[in-house]
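If you scroll down you'll find the structure; I have some questions about it.
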């Protein structure tokens, strides 16, 4: 059964100031949403609210067609934040294998990690400590985490931060690949990402135009 | 002839890590077998000599305890000399030497403490007294461990070397002060009952095995130190290669 | 969960980990005591269990502030908040790993330090046993403090200040059980059982409270 | 006096333990580093040949 993400009347505020109100969204399997807007308009807060990391004032987030309908939605999401959530002292492969195991993946996480690294262009670097990588490479390794966690909905906050143009194309390919297999992608970015057929959301401080 | 050329080359080669590794590789088997030989002779002497009429069998503990205590001090001296090499002459191998001497020195200091306490139990009736000499060795042990922790806590080898070199030298300068203050503290509180060891001249009967054992332990120290230094050079090479690999992948 | 446990152990023991520092701090604290009190062996034997306990208490508080802060700084905490596994369990496993890496070594070196303080074998053994039963409670209570202070930029000292009053019961029963083993009239078991009960109690309360605090601070 | 033999044995045991652990640390560390070096060199050769074409 294909999945569908349905957001109804979502609102959140920072302190007393509302950031967005009464936000509604429906994304079918293979759908994508690009969130754009200037700095400080609440792109990250929006993503964190969707991820359940930031308390919403109102509204519901539902994932229809999930394997376990009783589970909270956040468990079907994978969130790629500003920070990479990788340990400098562990090797890249150890980091990825840990996240694969921790998100409850069966199978062979070590092989998954190798494959994922190949996809993001870090093949053969799995044995290096994460701290040895450059900023762009660290970001790419964090993107590989999306591939080992196997979650239907990706939430990406500035996925292309610190990446060069070639790697931006790689991110676009990753997103396209995920959508092709029936996944949903929600990405916040201020760089022009080429995501065909994506809904657009421009955040401009208080008012939201969808 | 061969030894001679080795010695001459070693002087000029010491500064070059690659040649040092090669030299260490050639030297290590010899040093290791010399150590083994000395230990074989030393241990035979240890157990063939008669027991002391005063201390009985426990005198045999001395053959380990004294060399270990000697090495604990020599290890720190090696570290201090290397620290000087790092800070003053910026010798590329000095910080490697300092870093590698720490765990070995700490090991021998621990051995000196343990054997001292095993010697003290039958002699004084207690495992440990806060006697000036023992206390100083214990402080030395803590200093070693602190340096090891410092080295482990910093991932940049070069920076760690400079910082720990400063600490080593301050510690080295501080040793007489520690010794003096501990003496002071001890005489201030000294309970009269504590027995003092030795002081008198040692019978040559005991001196011979002691000297051989001291030599054997010293050889062991340098063997281990050389091997550890070689490994440390490898470790740094690995770190450099990993960085290079990360850069290489970025440009590819 | 095994993965998290192993990862935290690996991080603690690998270069830059805090496991060694805690033991060193413990040894240094206990070693300094005789310089303050004087080398009177009888006096040292008398204060021995108390000194070991205070040293272990301070040493186990040492690395606690990094328990969640390190995870927060690199964003890993967000991922942990989003997983299927209940956050309580995640916190508990992290505490367990932290204790294995920094609490258990303290218990293991305590007999050695007991010898330095001229303690009798029974006193040493009793102190070790009470430390084994009591140090997990310190970690579990500390996790609570660490979770509360996780969002603060310099929470390190604050964690100790927050946690110290809460661990006083652990100290009281730990030390009294250790002394009870040496001094005849006092029974050993009652304080020891209470100590164990405190540990078990905080094994439930600590992670739950820490989980609530982490959720609250994740904004 | 025979009771003291235990202390002698214990101190020689301690010496053996310390020396053995130091030696095994040095040897095992060296072996692990050499293996890592081998892995890197293998990878390095592959990378060079992929880039420059030298076999």
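Details
Which chain is which? They are A, B, C and D, in the order written, and residues in each are numbered from 1.
What we mean here is this: a contact is a pair of C-beta atoms (placed from the backbone, for glycine too) under 8 Å apart; a residue touches a chain by one contact, two chains touch by 3 or more.
All figures in this text were calculated on a predicted structure; none of them were measured in a lab.
Nearest to the common centre of all protein CA atoms is the CA centroid of chain C. For chain D, the chain with the farthest CA centroid is A. Remark: chain C and chain D have CA centroids separated by 33 Å (rounded to whole angstrom).
Chain B and chain D have centres, each the mean of its CA atoms, that are 18 Å apart. One inter-chain figure worth recording: chain A and chain D are separated by 43 Å, centre to centre, where each centre is the mean of the chain's CA atoms. Inter-chain spacing, taken between the CA centroids of chain A and chain C, is 37 Å.
Residue numbers of chain B whose C-beta contacts span two or more other chains: 155, 242, 245. For chain D, the set of residues that touch two or more other chains comprises 43, 47. For chain C, residues touching at least two other chains, in rising order: 15-17. For chain B in complex with chain D, the touching residues are 56-58, 60-61, 64-65, 68, 103-104, 107-108, 110-111, 114-115, 118-119, 121-122, 220, 224, 227-228, 230-231, 234-235, 237-238, 241-242, 244-245, 248, 252. Taken together, the chain B residues at the contact with chain C in this complex read 117, 126-131, 135, 138-139, 142, 145-146, 148-149, 152-155, 185-186, 188-191. Those residues of chain C that touch chain B in the shared complex are 15-17, 20-21, 24, 27-28, 31, 34-35, 38-41, 44, 115-116, 118.
Residues 89, 121-122, 124-125, 128-129, 131-134, 136-137 of chain A are the ones that touch chain B when the two sit in their complex. Within the complex, the chain B residues that touch chain A are 155, 239, 242-243, 245-247, 249-250.
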